[in-house]
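Beneath this line is the structure, given in structure tokens, with notes to follow.
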Amino acid sequence: MIGTGILKGMAVTARNFVGSYFEKDRLITVQYPEERSPLPENYRNFPFLIYDTDDPEAGLRCVACKICEKECPPQCIYIIKSEDKKPDYMGKPQFYAAVFDIDISVCMSCQICVEVCPFEAIKMDKVFELSKRERFDALLQRKNELAKSNEYYHSIHPIEAAEVDAKLAEAAAAAAKKKAAAAAATAAGSTSAPGTVPVAPAPPTTP
Amino acid sequence: MSDQIDGGLRSELQRQGIWVTSMEELYNWGRKNSIWPLQFGLACCAIEMIATAASRYDIARFGGEVFRPSPRQADLMIVAGTVTKKMAPQIVRLYNQMPDPKYVISMGACAISGGPFKQGYNVLKGIDRYIPVDVYIPGCPPRPEALLHAFMELQRKIDSQKLTGNAKAEHLDPMQPSEFPVPAFGAHDLEPAANPRLFQPPKIERS
Amino acid sequence: MNTTEMLQPPPAMTSRLDGELMEVSMGPQHPSTHGVFRMNVALDGEMVVKLKPVFGYLHRNHEKIGENTSYLGSMPYTDRLDYFCSMTNNWAYALSVEKLAGIEVPERAEYLRVILAELTRLQNHASLLGFLLSDMGAWGTPLMYAFREREKILDLFESLSGSRMMCDYMRFGGCRVDAGPDWMERAKKIVDLFPKFLDEFEKLILSNEIVIMRTQEVGKLSAELAINAGMTGPMLRACGVNYDIRKVDGYGFYPRFKFRVPLGEHGDCYDRLMMRALEMHESVGILKQAMEQIPAGPVMNPKVKIRAFRPPVGEAYGRIEGPKGELGFYLISDGGTNPYRYRVRPPSFINLTVLEDLCLGHTVADVMVILGSVDIVLGEVDR
Amino acid sequence: MPNSLIKAECTGRSKLPRLTNLVDDVILIAMTPNPYFFIVIFCGVAVVFPLMPLALAWLWRRFFQPPRPGAGKNATYECGVESVGEAHVQFQSQYYLYCVIFLIFDVEAIFLVPFAVAFTGLPVGAFISILVFLLLLIEGLVWAWSKGCLDWGSKRLSAR
Amino acid sequence: MTMESLEQIKTRVEAAVPGAKIDIIPNPGPAQQSSLLIDNEHAAAVAKFLRDDSALRLDFCSNATGVDWLDRTVKKTVKVKKIVDGEEKEIDETTEEFFPGYLEAVYHLYSMTHKHGPVIIRMRTADRAENARLPSLTPVYRSAEFQEREIFDLYGVRFDGHPDLRRILMWDEFVDYPMRKDYREPDDYEYEPTPHDDVLEKAKMHYSARPQLDGAENITAQS
């Protein structure tokens, strides 16, 4: 009979309508501002820089090696290297980024900078409510807006942060062991008083 | 809420069931809660816009689900996707054909600044070269919740528009242009490359 | 007309009106052109007499940027090619670079690629049926059902690769992140629930009389013209030509899975609609088999460098069966970090070659249904 | 106010009882106004009701939001592209046939209205005559349909 | 059905199409997809043969691509024995070889009936300027219609015999060919907050000129 297909379609709609009162998965609207759907573990939006100690300026892991600036496909990172050096987490004096800008109006959140960064200095953030009313410097994130603490990194990517910390700790331990071995060798060789920590630069072991 | 009415008096009267408002509040309340977007998707961000209009991230809860195909009945243009130089004259013509008051949301990195396709020869580096933009949403593509957040941002902006006085809303001011010149196709590029009156980027000199 | 004569682009139909025709531009901003696609249509009353498609409104210079970026840098750009199916775009690009540089892929990575490609095919076909129905006039309802399922699959992609639509998940020689056991659990549950949605969706649309009347005998395409005009994917199989690259090339362990390839007879819009519906059933079958047989093991070939990746001099053309047809990448390498020539073979762009042949003689409303059944995405059409 | 009411008003000051009759008369008249007075009010409201928003809109346009028409804004909208050619092109003569056939059956419907109104009180003869009238016109429709005046689009093109 | 090797195809084609000059371009990469370079006069005939031949039946032209090869001067250092003032010495002499640039159209042909692999045919233009002309294969393969229009649009190769050769992706008033290697896009400099290497050079041209220090720098130098 001519109308059966349409009636079947209406039956489906009716079942969905009535079903939405009983089955949970037919009612999928997320009431956005009040009720937010949880973001998965490795969700990524825009990059941010990590600092270890509680001082965002000195604790930054970034050593301004400009690898991420070169590898970024849309080229939205700009780094100016500093003149002087500061010790990094392994105690080795490294350059740091005097200026580190990311233009989030160009960034396509592809996390290639995270993959290529040898110092685990840049990670992907989860903040996505960044709409602004004007463009020019509101959407250019400077170093102070980008820098976030390691605890914050643990709060948004717990598993990944744990792995990264384990890797850094193990690299630091290996470097310390090598330095201790080198110190023992120089102590054995020379007659300098034991206990002074020689400032021999440990070989840069990229983690 | 406009500041001419004293807040304490308002809440006191409201407790006794008397509701006090001003012409401007009523006018803005009516406009902000029923914004009709123009059905106008360019690229990937348009799919996220459709996902926002779908049942999970429901834009109907903000009064924005009536997507009008014709610009004559639309009052918000969501530029969702990459604006190419071949498409720019069409977008400006559509903007001109929209009745006042009209707003523009520049959704996604491509619409703000050309985004990842900035180095393309046929890509316009941002739609704010030719038409005024009210809210920018960074992201590639921004999440549906980010679009809802920008929608609320636009509603806040409409709410704060004045009805009278020198700071009154643009569409009420006869001096403000309601139309912008449509760029022409040139031999190598669009002529003019940008609307000088609208587009004054700050000079950032990098060493 | 003999065959070669028929294969040529059709001469403009002469209209009985000796006066001028109604020139209408179904322009870049049109509710049902799936993006910024324009057709200059000459109408005789309601009859389409001439139809010239106009492209280029989303020409984002994907290939020029591909030549100025490193091999790895182009991978996130392939997500933006066909922005409904980012996983299959990644796979096609990774496959052709692996063919260019001769890289093997571990078994678990190949299985993961098959699972993710079939999930992409499911959500692409479901969305297409939703859009095709809204082109026909059923404005919101089928689209809402389709997007409800699509959101579930996008949640899977997001928890695995980090982004809903722009996954950037595959690397040369494997995949970036391994899928944990809980992800596989959720994927199994969604795949088990999918047939229930398929039956509900088919009951909603496929037996509907209006759909049958609007799509049968509309936009018929003959098999010879389909082959000669380079049609691929569901559009080609709707004309009865048995050519599915998963069976022909046998890439990515597809010969290990048992699945059938649906074929149509008339090559009209209804057959194209049925192709997508039946292919969704096959994809669910492949997913079930792949999820049982997936082995443990590494997901990334350790020998492949991420930075300064220089394939040897030479060229390669790799192709896969994307949801829209044969998606191929033609790469010429001169030994440097950037490809010398980076070319994408876009299935939906070439499937549009016969749009005028399909639409001549139909009414304007049918043009929308025919365009919807071709399933174009402008990011891939204009590149 | 009608004259009798006014006369009663100015003479009724001295005799109180007369006044009470007067009050009854006033209430009586107010209660049973001229039967057509209601229609006057109805037409007044019917005119004011639509005009009021138009007037408000005109006031709003006059004081708050001045119109700013322009060449671009008033251009015909064609999917964002400059529209080529003008919309009034030649139409097939077949559409004219449609209008004529429609007109005939429209007029026929008007003839049926008085018949339908007095249908219950009519003898059988009137019924027969209106049937003849109807059958004649339906026979015309059948002939037009068979000649293909009502065909449209693809069937007509393929029949060519 | 395994396909014949390229050499067999070459010999059969030269037999079938008299006067066709075909040579094989080896593909050094691991993909091992060598190609056939066919001369322009007999291109249509060769393509028709490849499509209609019963053994090959290459009836599906999957991909038509344009490639731009610039003028190249290849320096080769060659060990040459030369008699130099009396005794024989081995010196390496750098020979410079100049290859003129050309534009190329590459077609990947497959067979849907026999389901066998790609036969790649290439056609080269005389040079990169005026007579960058190639015969169109659209009369043989309808799928090449849009792709050849794209090659014309982005590379400037004029296809003779193409039913409707217009620009397909760029707007019609556009004059130059953007995908060529020596194409410079128009310098529409704007707000560049994160420029580096070549973008920085282009941006620097737009920086405001440094005011001429009227000798003031000497004062700071002395103090």
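Here the chain labels run A, B, C, D and E in written order, and each chain numbers its own residues starting at 1.
Quick note on the criterion: a contact is a pair of C-beta atoms (placed from the backbone, for glycine too) under 8 Å apart; a residue touches a chain by one contact, two chains touch by 3 or more.
Predicted, not measured: the structure shown is a model, and the values here were computed from it.
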Any chain in contact with chain C as well as chain E: A, B
Touching chain A and also chain B, the following chains: C, E
Selected pair, greater C-beta contact count between A-E and C-D: C-D
Taking each chain's C-alpha mean as its centre, the one farthest from chain C: D
Chain centroid nearest the full-protein CA centroid: C
Chain A and chain C: spacing of chain centres that average the CA atoms, whole Å: 34
Distance from chain E to chain D - Cα centre to Cα centre, in angstrom: 72
Between chain D and chain B, distance of the C-alpha-averaged centres to the nearest whole Å: 42
Junction residues of chain C - those touching two or more other chains: 27-30, 56, 59, 61, 64, 76-77, 148, 151, 166, 382
Chain E, residues touching no fewer than two other chains: 169-171, 178, 191, 193, 195, 199
Sequence positions of chain B contacting 2 or more other chains: 55-56, 71, 86, 90, 94, 113, 116, 119, 121-122, 126, 140, 143, 201-202, 206
Pairs of chains found to touch, sorted by chain label: A-B, A-C, A-E, B-C, B-D, B-E, C-D, C-E
Chain C partner contacts - residues on chain E that touch it in the complex: 27-31, 33, 59-63, 65, 67-68, 106, 108, 112, 115, 118, 120, 139, 141-147, 163-164, 167-171, 178-179
Partner chain B, residues of chain D touching it in the complex: 64-66, 68, 70-73, 75, 77, 80-82
For the chain C and chain B complex, residues of the former touching the latter: 27-31, 35-36, 56-62, 64-65, 68, 76-77, 80, 83-84, 143-144, 147-148, 150-151, 164-166, 378-379, 382
Complex contact set, residues of chain B against chain C: 38-44, 46-48, 50-51, 54-56, 69, 71, 81-82, 84, 86-87, 90, 94, 110, 116-117, 119-123, 140-141, 143
Residues on chain C engaged by chain E in the complex (per definition of touch): 4, 7-9, 55-56, 59, 61, 63-64, 99-102, 225, 227-232, 241, 243, 248, 311-317, 319, 326, 328, 330, 332-333, 341, 343, 345, 349-350, 352-354, 382
